[in-house]
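Per-chain residue numbering starts at 1, and chain names A, B, C and D are given in the order in which the chains are listed.
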Amino acid sequence: MSVAATHRRELSVGAAYGALLVALALFAPAFYQRANLRDVLVGAAPVLVAAVGMTLVILARQIDISIGSQFAICAVVAGTLAKAGLAMPIAAAGALATGAALGALNGVLVAGFGLPAIVVTLATMVGLRETLRWVTEGVWVRDLPPGFQWMGLGQDAGRFAIPGLALLVWALVAWGMRHLAGGRAVYATGSNAEVARLTGVRPRRVVFGVFVAMGALTGLAALLSAIQFIDVQTNSGVGFELRVIAAVVVGGTSIAGGRGSLVGSLLGVLLLATAGPALTFLGSQAYWDRALQGLIILVAVAADAFGSATRLKARP
Amino acid sequence: MRNAALLALLLGAVACRGTGEHGKTIAMMPKNKGNPYFASCRTGAEEAAKELKVRLLWDGPTETDPAKQNEVVEAWITRGVDAIAVSVENKEAISTVLRKARARGIKVLTWDADTEPDARDYFVNQATPRGIAETLAGHAARLLGGKGSFAVITASLTAANQNEWLRQLRLVLAERYPDIKLVDVRPSDDDRKRAFEETQTLLKVHPEVKVVMAIASPAVPGAAEAVKQSGRTDVRVTGLGLPNDARPYLKDGVLDSAVLWNTKDLGYLTVQAANALAMGTLKPGVSSLTAGRLGAVKVEGDQVILGTPFTFTKDNVDQFNF
Amino acid sequence: MSYERGLALCLVLEIALFSIIGWNFFTPGNAGEIVRASAEIGLLALALTPVIVTGGIDLSVGSLLGLCAVVLGVAWRDAGWPLPAAAAAAIVAGVAGGGLNALLVARLGIPPLIVTLGTYSLFRGLAEGVTAGVKNYSDFPASFLFLGQGGVGAVPSQLLVLVAAAVGFWLMVHRMAAGRTLRAIGFSPDGARYAGVSVNRRLGAVYLLSGMCAGVAALLYVARLGQAKADAGTGFELMAITAVILGGTSIFGGRGSVGGTLLGLATLGVLQNGLRLADLPAELAGVVTAALLLAALGANRVFQGRDGT
Amino acid sequence: MTLLRLQEVSKAFGGVRALRGVSFDLRPGEIHALVGENGAGKSTLVRILTGAVKADSGTIEIEGRRVERADPVVMRGLGVAPIYQQPALLPDLTVAENIAMGLERGGPWRRVDWRSRRERARQLLARVGAAVDVDALAHGLRMAEQQLVEIARALGADARILLMDEPTAALTDREATRLFELIRDLRAHRVGVVYISHRLEEVAALADRVSVLRDGELVATRDMAQVDRRELIRLMVGREIQAIFPKRAVPIGDVVLAAEGLACRSSGIRGVSFQVRAGEILGFAGLVGAGRTELARVLFGLTPADEGVIRLRGAAVRVAAPAEAVRLGVAYLPEDRRRHGVIGEMSIAANTTLAALRAITRAGFLDFAAEREIATTYLQRFAIKAPSIDAAVATLSGGNQQKVALARWLATRPSVLVLDEPTQGVDVGAKAEIHGLIVDLAAQGLAILLVSSELPEILGMSDRVVVMRAGTVAGVLDRAVATQERIMTLALGHAESVPA
């Protein structure tokens, strides 16, 4: 089977993204100012980092809708550590570690106790969000040291480093998923966990691993988002999980597991990150944004279903 | 103020219920508990509650949700409280429940945002929408030199307060500043990052905009940061915001002015008024109310007036901490 | 001791606890308020039970409720239709929304999680678009408001609608041939198709039904609040799904019970109301709900032994 | 020195004792066949040897050393390579990766060398004689190709112990012969092979020794030379088998079902015409991939026909979906019993009435009394061994599950019954009972289409035999003239000599 056949989804989402860019070039060339492209990339960086983690989770035939709450907690942790006078690298490490720990909580419940991921992460989403609200009572983390914003690198360097770091993380994981045994084990687990077990893969360990990776990457996403500001709001990340899942699914990763790629997810992130501001540039009223975003998801998914007779995968 | 462990909480709830009441029980509700604006109001409310030795119940939906506000009031009616004070998310929706509370002999106040006048005894008014619109329009006109265009970042598209202020703002513009054009209104859903992204896009879609007006507390730092990062020194920000949020940007100069009222005093005054109402000292015909450290506060008809909107600038912002 | 008996015991304990630490909790009036507050989510949870029994899910019911509320407002206020006609329009809008879900899930075979993730945004977006986010509709006639705010003594008027829906769904899932085929589809879609069950038609039906119930729930919501706005029903889908899962229905499909869903709904309703009457912070509701959900999952696995009837 | 020794190995699955104190040994350079009824414990034994399942008690020794923790990775390290009955491939990954996943070892941070993976896969596939593209995704392969990929993977592991569970079930005779040569070649290289098969003629041709498993116990181990077929069957079943096939002369009525020029592009069926009469058993023979199951799926409406006409009692009908087929009185007992034949999680009663819900529904409501009555009559009539009709079908043995599946279709009072491999994977005892039932049904006037890969069953049961090849009818043989050789000649489509 030729490359086109196996990567048909990535090509279709790439084509859709190309069409959007052409439309912008024709009707709203102002979109292509250097400043706007940079802002779109800086804005998309946290979503990309989380989308990398979500791709792994969905490839392993799981789902995580609690990353919105994890995002808020990790940002607050980063701010609190920085405010306590710790050096920024330690605060950053704290955010990632918190994410990894929260991911591990999901991992233990799903991989350890074999509970369904959708319900476990629904519970952790609600539980973590309300606990954070109860503890912080809505008070933002303020009076952060000057070194917090842009990790002390200054605005210009910071606005280059954030998308750069996100793309680097994406490239590393994309390479790993293709060339490391661990990456192939994720594909195998999502394709058929029982068969994977027989070929020596440890599905439960893989599932635990993808949830921890998801948590750590959510921590990084929260950090990359928080350091763009001088204080940390405590109710951030609401709806973050739906935006990330939408990007990964539009990018062609199948919810049934085993099929999909990080290239597709990158294109999905770029498509949805561009669609938001593009609607404004193309003059659509704010109150139609959400409807059009929903439409993009449905059209992308329906196109895929029309394209190929989706293979009905038997449940494990 | 950090809550004790869960068990202690449960025991606390049982214990204090059992020992009977000393002062009145006042139930106070914000629009959403996650908003720093209401968090600062709460500090003032608790200060007054301590002074007056009343039992303050602070509860409400975590996200702005009119249905939840009704449920909380219903619960308070069932629980039995002396006075209810609500910052109203949805004028019509809450009026039915508040009338029911008054029918049960519970004193009802609204603060920060009002409901139908017949559904409550008094409205603790920090500033009239008209007053707010005039102040904001004034700042915009000043910054634009009487001519030019500006854009607004609001809370959510469905937020009742903001929509009322916008309606008044358009009236004021039509009456007094015909040459000033409001080009667009973008939502921030009370999320600072969303306000930041909307402002960024706004500046590029409407390069002619020289003033960004953020009329929700989390939107002020969001819009200001976006303008700062865009490097557009020709664009200034104003709007309704808390001094603590606004301080760094006021010092920076990107934020010209933040209009608001002393939210701590608003919370403080609301509890004072509720207590006075419950004790009977605040009743129709009264023209002023001695409210603790605030002294004599003007009462016009059924509105307790905190005062005219206050403008924070880089010079006076340091005197405030909320 | 079946799962449902365990949940019922947990509900009784919860009521007992709040009767002690809550103010005037154990009163008919308060019970009426709990029913009134959980009526809309109850209707959505009842409609979601057959959806989840087929192994599907519907994230769009909350947004669809908002869209139907707006359709009611637009038809009645802007188009000037008589209220019954406007109410019918709202329900038809619900069925249309459910129809879109049905088309994509049943005919094109797209996983329901993804379809309803898309329609979650689409329906809410349409509601905001139609009203430009700003417009809201109120001043509904007293007769309509009675549906949401009225009642006979402590018994709220919503109870009638909720009981009717509960009986209807209970009969469908547990006593009718349709329910049996939904279970078969939930346990094994292929197995059902090879047994001559028209899988696509049945799947389509449950999503249509879910849409219709969102429409009816919208009427209850607007009647209760006296006001229709684009943000109606925000977050209701998660509460409804929580009630169904708490009730013991398996997220993978096949095993499920309408009785369990009602118990799950009651547990959540009592929790929210009880915490408030005990002057405990609202955030605690979220934390306890999360713990209950995880406990339900654990208990569910223990009781998995029983065969699916 | 023994290569592999099992001592007193026992295993039970929730009350059902699959293995009871089994002791078994395998010598280097030996093909040791393992035979027994289905459910006798063969597959369980293989899954214990590959580490897929842990034994409850007993010891496993490889080259004299006791194996403590027997999980898939450890056993593979000790040179054990499995070939499962259901090919265990990862559908979304390429053939090359599927083969590599079985062979490579090492931690998650190990680099994957795609070039050497594809090269090694190509070599192994060539050795097995499979014309399969190494970059193809596994879910696109035919069943036979999947089996060959699994065999290639086992060879690649240069295993010292090869476990083969029904490896030829999906292979053509040509591919099977090639496999036998490979196995004999491995034996020459001192590899030990445990060979499991229902086809006793294969066991006779290949094995040095044969062990018989019955109801979880190893009842006998013999040198192949000292035992003949009849004794083997006796050992397997534990009682004498009278007439193999209870065929009876039955009055043949008029034509019930006729197909004229049936074609279905998506499943490769073209120009199929035949007739079947009431009371007649029409056998369908042919090689794997000849299109017999595909034809059955066309008749049942799972993949509707693009061209041609189906006539029921003379009237042309359009069967667009299984639901319509059932209404028209056409019933289909599918080949994959576990996934399609029954719904394991549901009770016997629910499974029995699932296709005939109309019969027990009054105004939409289920008549539970009627359901229990139907389920109980078939429970007794088919002697289904189960605690009660409320027991989940998954808890039953293979043979009893097949009876429930059959009962489901009889509950719909069909006039045409399509049986697809009705006795595959069913123990010899239950097989005879099912054959008896089939003949009874024919006697009651049902038109029966019997698709089977076992020529003895086709010859023993059919009034006429339709032989299919490459999606169409190669020829129809009357019972009197039908022989294995003639069928194979038609099935192969040229005069190639029939393999010994």
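Keep this in mind: contacts are C-beta pairs under 8 Å (C-beta built on N, C-alpha and C of every residue); 3 or more make two chains touch, one makes a residue touch a chain.
Quantities reported herein were computed from a predicted structural model and do not represent experimental measurements.
Peer 1: Give me the chains shared as neighbours by chain B and chain D.
Peer 2: A, C
Peer 1: Looking only at C-beta pairs in contact, point me to the busier pair out of A-C and B-C.
Peer 2: Greater number of contacting C-beta pairs: A-C.
Peer 1: Measure off the straight-line distance from the CA centroid of chain A to the CA centroid of chain C, and report it in whole Å.
Peer 2: 29
Peer 1: Once you find the CA centre of chain B and the CA centre of chain C, what distance in Å lies between them?
Peer 2: Computed from C-alpha means, the inter-chain centre distance equals 33 Å.
Peer 1: I'd like the Å distance between the centres of chain A and chain B, where a centre is the mean of that chain's Cα atoms.
Peer 2: The separation of the two C-alpha centroids amounts to 34 Å.
Peer 1: When the centre of a chain is set as the mean of its C-alpha atoms, what distance in Å lies between chain C and chain D?
Peer 2: About 45 Å separates the centre of chain C from that of chain D.
Peer 1: Considering chain A alone, which of its residues make contact with at least two other chains?
Peer 2: Touching at least two other chains: 130, 133-134, 286-287, 314.
Peer 1: I need the residues of chain C touching at least two other chains; which ones are they?
Peer 2: If we look for residues of chain C contacting two or more partner chains, we find 128, 132-133, 190, 281, 283-284, 286.
Peer 1: What residues in chain B touch two or more of the other chains?
Peer 2: Within chain B, residues 3, 33, 62-63, 157, 187 contact more than one other chain.
Peer 1: Let me make sure I understand the interfaces: which chain pairs count as touching?
Peer 2: Those chain pairs which touch are A-B, A-C, A-D, B-C, C-D.
Peer 1: Where on chain C is chain D touching in the complex?
Peer 2: Interface residues on the chain C side: 171, 175-178, 180-181, 183-184, 187-188, 190-198, 254-255, 307-309.
Peer 1: What part of chain A is in contact with chain C in the complex they form?
Peer 2: Per the stated touch rule, the residues are 63, 109, 113-116, 118-120, 122-124, 126-131, 133-134, 242, 245-246, 249, 255-256, 285-295, 297-298, 301-302, 304-306, 310, 312, 314-315.
Peer 1: So in the complex, which bits of chain D are touching chain C?
Peer 2: Going by the criterion above, the answer is residues 302, 321-323, 325-326, 332, 334, 339-347, 350, 354-355, 357-358, 360-361, 364-366, 390-392, 408, 412.
Peer 1: Enumerate the contact residues on chain A facing chain D in the complex.
Peer 2: 1, 6, 178-182, 184-185, 187-188, 190-192, 195-201, 209, 257-259, 311, 313-314
Peer 1: Where on chain C does chain B make contact in their complex?
Peer 2: So the residues of chain C touching chain B come out as 20-25, 27, 29-30, 33, 36-37, 128, 132-134, 136, 138-139, 145, 149, 221, 224-227, 229-232, 234-235, 272-273, 276-284, 286.
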